[in-house]
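Below: a set of structures, written as structure tokens.
Presented sequentially are two complexes of chain A, the first with chain B as partner and the second with chain C.
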Partner chain A sequence: MDVPLIIVHNSLRFLVLFALSLVLFIFARRIVYKRREAYRAVIKRWIEIDVLESMDPARPDKIPFLRGRYVRYPGLLAEVLLEYWGILEGARRGRLKDIFAATLKERFLAELSSRRQLKRLKAARAVVVFADSEDVPRIIRLLEDTPLIRLATLSALTLSPVPEVIDAVFATFEKDSLLNLQAYFDLMSSFGKSIESRVKDFLGRPLPEEKIAFLAEITGNIPLGSLYPDLIRLSGYPGVEVRIKIARALGNLSLPLPEIIQALVRLAGDGAWEVRAQALKSLGGMKSRDTIDVLAAGLFSSHWYCRLNAGYALTQLGREGLERLRGVSQQTKDRYAADMALMVLEGIIPAGES
Partner chain B sequence: MTKIGSFLRKIFGRPVGSGENRADGKGEGLGAVLEETEYRITQLDNEIKKNLWGVDQDKHKIGKLVDLAIEKLEKIIALKKKEAGLVLSLEGEDVSLEQEALSSSAEIDRLGEDLERFRALVRLLSPEEMAEAAVEPLPAPSAERRGPSERVKVLDKPRILIVDDELLVVKAVRYFLTKQGCEVLSSSKPAEGLKKALEERPDLILLDVIMPGMNGYEFLSRLRADARVSHIPVILLSALSRESDILEGLGKGAADYLTKPFSPEILYSKIRKILAAQNGRSPHHRPQ
Partner chain C sequence: MSEPLLLTAFRTANAAILVYFLLLSLFYVLFIILSLAGFFRYQNLVTHVQFKEMFHLPSVKPISLIAPAFNEAGAIIESVQSLLSLEYPVYEVVVVNDGSTDDTLDLLIRHFRLTRSQKVFRKVLETRPIRGIYVSPSQPKLVVVDKENGRKADALNAGLNVSRYPLFCAIDSDSLLEKDALLKIARPFLEDPGRTVAAGGIIRLINGCRVESGQVTQVGLPLKPLILFQTIEYFRAFLGGRIGLNAMRSLLIISGAFGLFRKDVVLKCGGYRTRTVGEDMDLTIRMHAYLKEKKVPYRLAFIPDPICWTEGPESLKFLSRQRKRWQRGSIETLFHNWRMIFNPRYGIVGLFAAPFYLIFETLGPLIEIMGYVIFLYFLLSGRINHPFVLLFFLVAVVFGITLSLFSVLLEEYSPHRFRSVKDVFLLILFAFLENLGYRQYMAFVRAMGFIDMIRGKNVWGRMERKGFGR
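After this line comes the complex of A and B, so read on.
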């Protein structure tokens, strides 16, 4: 056989063998993983049972026992503790904290200093959820860590809000990129009215448009009623996104005050249709008969969403609103306004009754 | 008692089944079956213990051994089910411990969603636990299904059915309520839960709202539509915590609404209150 032919022959053999061994490796790996998962599932169920028993105050002996038995499975033990934290409340959460402190805390605190981000990530979540007041400085340091660790810390704080870190959370929020905004939203919402003064302070700061819009959204979402003057002040903000959020937040506050209604009426005449649409929707929630003309005018808007929101807003004003809707549906000057009024009326009143 | 029996006494805390009632030590029926099956478990158990408690750390080998032990226990359950004077019985998706069997050393658990498939999870005991198991009181035999004339006993050992697709919630509720003296039935599928409610007629149902297949409200409507079970009070246990969700649940006929995460103590106190109101007794009455 020629030398080139031998080379080709051997190359083919090598390729076939390589492909076969690759397939075998994939299968073997799959089997190993499957078995490992099954094994972990069994261990996890043991841990679940033992943790349940350890939550019984009459069994103080169980906690040292847990530490001894599952020293080789810190990840699984932490997973179970976090899962129980998610479904249980009250004194049992205190017991879970005790279990964590006695079994895993020391190890996880050491892992917080690890150079491996994944290790820090796992440890951060558990340390923050089961944190005591003495852990506040650690949480603050975690908030200054990489964006990924910061995100894990924020979401863990949502599960277990620590009031002492509110200032640190706002300071981080000011510096942080826009990527973690949803995590801040969940966390700040979980703090509730306790963040009122901070939100007020930050609404007055020169923040990027997205963050101002975010704070307006939070104000309406919690809701922080006493901040309505700040929202009204910002209703002339140059950025459209902010004005949309202001219009929505003013509606969510559910405070039919004359100042708020006036601000919403102003926003209903805004240059951007998104702002107008939101303001009309919020005006409906005010249920003020003084706004009936503004809402009826909204039905003649050139934008479909504005007409839709104006139509449904009128239905919230009772008989008077419905009559105005009927009037618009019967006029012939603006076919689109008439169609929208008719659609809204048919949607809320069963056929035959209108 | 045989050598094997004495080993099992250490493992399970008490003599298992009716094997020791036999006069000749061999016998037929349940006793013979038990000894034979237990012998195989005992052999395995020594090996598993050796592996788990530090001699050999090969996880895969342990996994294999645990699987084998599980298989053996499954056989025991299947065999005992056929015999009179059951030691273990299968109830729908649960394997419940009846009489003096397996006590705290063996934990029976269900794997996966397949309701027809059961597995026994063998928990191995450390030497301290073994000593403890030998003196730990065993669970009392479960109560017979109650007839209408026995309703007054409801507060003493209420039968609670929990229907929730979140297995961890089922486990936690089962544990805490059992500790309080309740008899807990469970189902992770609403259709199965409905069937169980009709068959078992529990005193109260704990019901999740968001479940695959049928949501809690639909479950509730079907329950209320059936005269045989329409009287059973239902507590909704849901992660939906908005005012509108709670009002909707109560509007559909739930006796109470509890949001997740929940406090087991509050849950139990609500159960007692509802059952006491239904039976015309004070909720402060404690079972003897």
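After this line comes the complex of A and C, so read on.
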């Protein structure tokens, strides 16, 4: 046999064997997987029942029993505990923490030190959710781990915010890439007003535009009303994204103070249409009759979104706003403004009344 | 041509085809490896990071779902109902009736009690005239646009004009989305809002599945060879191909059946090009071109989990028509954007992705057919090393089978795998059979698509739709 023939011949033999092994693997995996799934379902049902029974403080014997019985199923036990954590509230969550501490904690803490990312990832969620104050340094270390672990930690902290890690979260936020930014949102929001001083501090720092915009959004979302002077100070920020978020946050604060309204009126005349559109929307939320002319002027904007938001903002000003909308819908000088006013009116008045 | 010259030409072509086959095999193996790695990474991510917790953010961008419909009376109601029941904080459904000649619009009006609206919209893109816009008092998320027929790309452009939100999801109106598909496909926009401009998800065939209330309740396979072959093809294309291409930042298609885009970027690219039947690939390539030329950092993402279910053609006639159209679309798109091919200005897209699509995907069927012709010539003329050619042919077939088996394996790892072992057996059986006739026939059909394009054929072609309620 010549060389090419030998190569092709051996390639064929290899490929046939490989393909057959693949077929066997697919079938074997499926059979094993099906049996394992059924087995796990049964074990999980038992764990659910036993965990529920061990929630009763009158059954202290149950926790050691859990530890002994399910030592081979740490993943399933953690899964059940986390599921119950999502369902239960208050003191019963404390009991879940006790169960975790007595059954799995030691093992999961050891896995957190593993060099394998997957092991750390699997352990991180449960450790963070069932954390005590003594675990704060561990959580801080997790926040400094790889991006994937960091994301899992942030996601778990959202379920169970630990106030002691606020400073660490902000420090990580400052250093973290913009990719994980959104993961901080729910977490910071869940800390509520307790983060006010940190947000104030960070709003004054030279952070990237995206992070300033993010903090402005957080301020409006919680809302942190006392920070409105900081937001107004930033309303002249060079980046458009920041000004949009400032306009939105000022609206979300729901504080119809003259300074805020003035700032929003200024933003309604901004050079960027996105800022104007957002400011008009926020002005609607202020429900101030003083802004009716600004909003009506917004209906004549050359930009569709500004017209749209101005139209809906006017509907929030009650009868006077509706009257102004009707007026604009009947004028013939600007067809675009008239069409928009008509569309908004049509949308808010039930059929038959228009 | 003298015989020695012909012989030399055939031998040269033979050697070129051999190199071509080796290169193609190498790329496919690479894609499979990257797909496996990407798939496992994604599975770990979604198991341990709960993304649903992040979707309460006010900064999660609302989505306009745009569903063009042309003569879709069979499935339109079920499909729209499914779209209206998706899990996502804020979205709207814009159904564009593209001048249907059946009762698609009447069905929509009757079922959703639509009324004509005074809705005004921004006409950013030129389209065929809009005859009316309808809204539903009972379904505030639903907007139906009735327009003159202008084909899918024109309907999508009309939908873009009428849509209100900063992200839009193009979806075929004969498709069904999994309830959480939008949450999953929007994740890259949440993780990296500055750079993500588009994301695609997996398309799977609905034939053989049980559908209840607009949702797939049981995944299954019909005992229809054509559907089984297509199922394997879809697995290979999406699980094997696109995950791998995405890992190499070389994704050139975000499927028109299910893709999420940033509207501002699409509008800056001029929306969908109406003079092509491959509008999805064309848009993706033009987005690459635009963003590279403007030196804007960007990324396209492919998420292996959000599922869109679509109906596959059950007859050879309609399947051939569909594949010829895809082939024409692919050729038109690459020729329209020829300046990108081998152009370092467009980075990996210009130097790898576009040439790969041109040489291996678009010209592939022609080269494959040419290989068969040369094989036949040598066989008939007796100038052939019979054992070598036979073994080489078998290597090609078994390699194809191995790739198909890998895609079945990837499907086994996905959360939407088929429940019964019988289905797995069927998939494996058809992974073998696919390479013994079907693949060759498809190469022939796609080569015919090439000829259709040269002849200037530019029609979309009617497709059969049986609906999901069967």
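One rule holds for everything that comes next: the second predicted complex is superposed on the first by the 327 of 354 C-alpha atoms of A that agree within 3 Å, B and C clash if a C-alpha of one lies under 4 Å from a C-alpha of the other, contacts with A are read in each partner's own complex, and residues count from 1 in each chain.
Keep this in mind: a residue touches a chain if its C-beta (ideal position, glycine included) is under 8 Å from a C-beta of that chain, and two chains touch if they have at least 3 such contacts.
Computed from a predicted model, the values in this text were never measured in an experiment.
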| item | value |
| --- | --- |
| Partner chain in contact with A:101 - chain B first, chain C second, else both or neither | neither |
| Chain C versus chain B, contacts on chain A by residue | C |
| First (chain B), second (chain C), both or neither touched by A:89 | first |
| Chain B versus chain C as contact partner of A:22, first or second or both or neither | second |
| First (chain B), second (chain C), both or neither touched by A:125 | second |
| Contacts of A:6 with chain B and chain C, given as first, second, both or neither | neither |
| Chain A residues touching chain B - in the complex, by the definition given at the top | 32, 35-36, 38-39, 41-42, 45-46, 48-49, 52-53, 56, 65, 68-69, 83-92 |
| Residues of chain A touching chain C in the complex | 4-5, 8-9, 11-12, 15-16, 18-19, 22-23, 25-27, 29-31, 34, 118, 121-122, 124-125, 148, 151-152, 155, 158-159, 178-180, 182-183, 185-186, 210, 217, 220-221, 248, 252, 304, 308, 336, 339-340, 342-343, 346, 350-351 |
| Contact set on chain C toward chain A in their complex | 44-45, 48-51, 53-54, 56-59, 115, 117-122, 137, 164, 190-194, 385, 387-388, 391-392, 394-395, 398-399, 401-402, 405-406, 408-409, 412, 421, 424, 428 |
| Residues of chain B that touch chain A when the two form their complex | 59-60, 62-64, 66-67, 107, 109, 111, 121, 123, 126, 128-129, 166, 168-169, 171-172, 175, 179, 260-266 |
